[in-house]
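Paired with subunit B in one complex and with subunit C in the other, subunit A is shared by the two complexes that follow.
Presenting the complex of A and B:
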């Protein structure tokens, strides 16, 4: 066995170890440990990705001395490795971009606890990506939920405590449903290992045995993970959680945590239940419908919003709707579009959060929409970055959002009876996106009168004032352009990865 | 400013205009596009009356929950629907459960080669007499590793939520201990006598349960909970002064870090050797002896330390917000 094959397990345990380690370090040291761990894990994942691409086939890695159905196991393929690389890059940039806000908003004595949460969150995301065992997935879903809750409420004001409580209730409901579904599946198949469950489910499908509990368990798992990733009717926890938590938390939550659950759901569809069984069960049609409703309703709510952070948060609801719509189309290309959109949206949404904080910083830290007038002139880089992010969300060519919209449209055209609904929803949602994002871009590029600026005591922010955030913004813009301009190899990568999944 | 051409000429160039636009000092549409300035909004007496009346009406209708028909109806519908939804969920799950394989029947899918191997060769392969311990700490150790970190992350979240910063205390405010003093019964003789008798056996029993986790019923989770309960009883009887002599938040952090790091490293070793098919050098020992079953004993102690610390910390945080 090549040494590279050990790296996924080492990266999981490294980030796991960094959690308790940060708890005994001071905030400053914990920060460097955290950045080093994210960087190291990213580099290791890149090496793994290169290895898997060169061999062209996935491999399983035994966690311990006992082979799979008895012991634990992780599985590494192209899709898993590329997601790990990607999540590390985004997390690294989010942590850099939000360092000023963290220092302002978090009590000094609790700073190291923040990094405990981030390290364990990274660990749980990696485990969710790599695991080949449903129960391991559940254990790390738990870590993920609790750590995310800590990330929300570490900035302590009334709104975040309320948001964390909501998040906790909704998210635990989701975990509970997921666990129930998992128990049902275990009872029907006698296995927790994904590949073995898939075999058993296939046999059950042929014999027609246990039809009802199988359907119920698929429903429970889908609904559970949909709640956790804020699909439309279950999104009530989202705007406050993203809108009032500290910047890096909001960016990480919106771009990684919810995506981790979506990725887990994709994995369960492909590797646990089997895509043909899912297609048969009609569950995906429900996801499709709610995805479409989410696309519209999320955007409508965002238009009404006056707080820029909450507006971006509501836009997440719409984008999660896109992802579920792609899954709901029930075709290979639909799933590829969804996976691509997971990546594209993560890159864009974290960019928007960081850019918006740059704009609010130049407006006396007010998130009110009208205070942002002319903020693009006062903080130029943030203005440009926000424009790039908005264009990408709206689906302007050259940026990542365009490619995912194109893929969704292609998938819609090929999907037969769902074509009309998909295309209409896409068009409508794009227009709505344009309404609120372009409204904001126009607002930030409308010059404000000098008198008002003096009166409100707004100062311009240059790149030198915020080197970390500027670096993060530039990297985010480059990442967005990269995903938009070189989308072809990325799409092929995800297509290969999904093909390896089954 | 330009060095090569005079200022007036420079002001006519495109680059100057671009610079102006970038600076935000000039609105390009000004003078180019016909614009009507908006009239400043002045409220007439009539309009103000109307606005105030509407506001009063809105307050009356929205916040008057007693007589607001809409809210009343909404609440009723909400109740009815939540009951209906719960009934639907319960029925759906009951129906699904009724289709499940019969509990205890031999041909249940869960009775397969997985559990057969745990039962038949668990003792030889893990060296643990208690099969459950062998299963959670050796066969499926990765899950348990995650599970013990769940406890740790939960404690950290409680610390984030409840710990009060001593520095942030305002000058006039009395210290935490003094505030607690007002509300707490102190020096309760009955409680103290009972605690004196009970705490040592509880802690010793907890240690026994942890150490013999691989030999009989018990293990790190249950033993740790027992020790934690003993500590809480001690704290209740004698107050924070006594417990803080040996157990503070920093002690907890160091202990749990040591335990979790020990756990992570030993599992690192066994995962690495297992996956690379290297023979592990840790002997399994004779089954039934205290020093047997390889790493399981060490792992049980680690889990026990984390669980005991977690229980005690939860209690201390909820009671005082720091210790």
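Presenting the complex of A and C:
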């Protein structure tokens, strides 16, 4: 066995131990440890990705040398490794981009606790990506929830504590349903490892036994993870949690935490139940319908919102809708589109959050829509970055959002009876996206009167004032252009990865 | 519908009813403490379900005391292990929820989540 094959396990362990270590360090040191860990994990994941690409097949890593039905396993394929790399890159940029806000909004004595949470969150995300065992997935889903809750409530005001409470309640409902579905599957198949469950489900499918319990367990798992990733009717906690928490938390929560659950669901669809069984079960049609409703309603709510942070948060509801719609199409290309959109949305939404905070910084830290008038001139880089993010979300060619919309449309055309609904929803949602994003872009490039600026005491922010955030913004813009212009190899990568899933 | 199976597996039915009670309490109660109680009922129902799945009538807990090594003598230990893991998870989540509740109560002097939201809107934060 090559040494590289140990790296997924080592990266999970490294981020897990960095958590407790941060609790005894000072805030400053913990920050560097955290950045070093994210960087190291990213590099290790890249090495694993290169290894898996060179061998061309996934491998299974036994934990503690116990063979299959007894031991716990990690499974690494192209999709898992590339997701790990992307998650690390985006998390790294979110942490750099939000460092000023963290220092302003988090008490000095609690600073190191923030990094404990971030390290544990990274650990749980990696474990969700790599694990081949359903119950391990459940445990790390809970760790993920607790860490995310800590990220929300670290900024101490009434809003964030209430948002964290609501987040916990919804998450607990979701994980309760997920656990119940998991126990049903264990009951039916007698296994917890994903590959073994899939074999047993195949047999059950052929004999036609336990049809209803299998269906119920698929439903419970899908609904549970849909609640946790804030699919439309379950999104009530989301705007407060993203709108009032500190910047890096909001960016990480919207771009990574909810995506981790969606990725787990994709994995369960392909690796645990088998996609043909899912297709027969009609569960995906329900996800499809709610995805489409979410695409529309999320955008409508965003249009009505006057707080820019909450507006971007509502846009997340719409984008999660896209991902579920792609899954709901029930075709290979639909799933590829969804996986691509997971990455594209993660890159764009964190860019938007960081850029929006740059704009509010130039507007006296006010998140009100009308205070942002002319903010694009006062903070030039943030203005450009926000425009890039908006264009990407709307689906302007060259940017990542365009490719994912194109893939969704292609998947829709090939999907037969769902074609009309998909295309209409895509068109409608694009227009709605354009309404609120372009409205904001026009607002930030409308010059404000000198008198008002003096009266409100708004100052310009140059790149030298915010070196860390500027670097993060430039990287985000490059990442967006990279995903948009280099979409062909990316799509092929995700396609290969999904093919390895089956 | 075949109700004979329901009577044979009435323990599982009880576990599911308890799960429903806990779930609806967690979802619908306004009082935060009642929500947490609901959550605990929900998780306990899961443990009951898992324990039932591991139990084989007439066998003992898988602890070797009198030298019997045969697999036939013992129940399935894996669900018991899952229950233990689940208990750890639910204890930590309960502690976190309780600490959030304490913080909210100190700030707003009420346990009603809806009232807290109304007060937040009044503060205009």
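Assume the second predicted complex is superposed on the first by the 502 of 502 C-alpha atoms of A that agree within 3 Å, B and C clash if a C-alpha of one lies under 4 Å from a C-alpha of the other, contacts with A are read in each partner's own complex, and residues count from 1 in each chain.
Criterion: a residue touches a chain if its C-beta (ideal position, glycine included) is under 8 Å from a C-beta of that chain, and two chains touch if they have at least 3 such contacts.
On a predicted model such as this, the values are computed, not experimentally measured, just so you know.
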Quick one: is A:139 in contact with subunit B, with subunit C, with both, or with neither? Answer first, second, both or neither. both
Please indicate which partner A:185 is in contact with in the superposed arrangement: first for subunit B, second for subunit C, both, or neither. neither
Examine A:173 and indicate which partner it touches, taking first as subunit B and second as subunit C; both and neither are also allowed. second
Looking at A:479 after the superposition, I want to know if it touches subunit B, subunit C, both of them or none. Which is it: first, second, both, neither? neither
On the superposed three-chain arrangement, identify whether subunit B or subunit C touches more subunit A residues. B
Check whether A:162 is in contact with subunit B, with subunit C, with both or with neither, and answer first, second, both or neither. second
Identify the partner contact of A:116: answer first if only subunit B is touched, second if only subunit C is, both if each is, neither if none is. first
Considering only the touch criterion stated at the top, classify A:347 as touching first (subunit B), second (subunit C), both, or neither. neither
Overlap of the subunit B and subunit C footprints on subunit A, residue-wise? 135, 139, 142, 146, 149, 153, 161, 180, 186-187
In the complex formed with subunit B, which residues of subunit A make contact? 1, 5-6, 9-10, 13, 16-17, 19-21, 23-24, 61-66, 69-72, 107, 109-110, 113, 116-117, 120, 123-124, 127, 133, 135-136, 139-140, 142-143, 146-147, 149-150, 153-154, 161, 180, 184, 186-191, 200, 210-213, 216-217, 374, 376-378, 380, 446-448
List of subunit A residues in touch with subunit C within their complex: 135, 138-139, 142, 145-146, 149, 153, 157-159, 161-162, 164-166, 168-169, 172-173, 176-177, 179-180, 183, 186-187, 192, 244
Which residues of subunit B touch subunit A in the complex? 22-27, 92-93, 95-97, 99-101, 108-114, 117-118, 125, 138-143, 145-147, 149-150, 152-154, 156-157, 159-161, 163, 165, 167-168, 253-254, 256-257, 260-261, 264-265, 267-268, 270-277, 280
Report the residues of subunit C in contact with subunit A in the complex, numbered from low to high. 19, 22-23, 26-27, 32, 35, 39, 42-43, 46, 49-50, 53, 78-79, 82, 85-86, 89, 92-93, 96-97, 100-101, 103-104, 107-108, 113, 116-117, 119-120, 123, 125
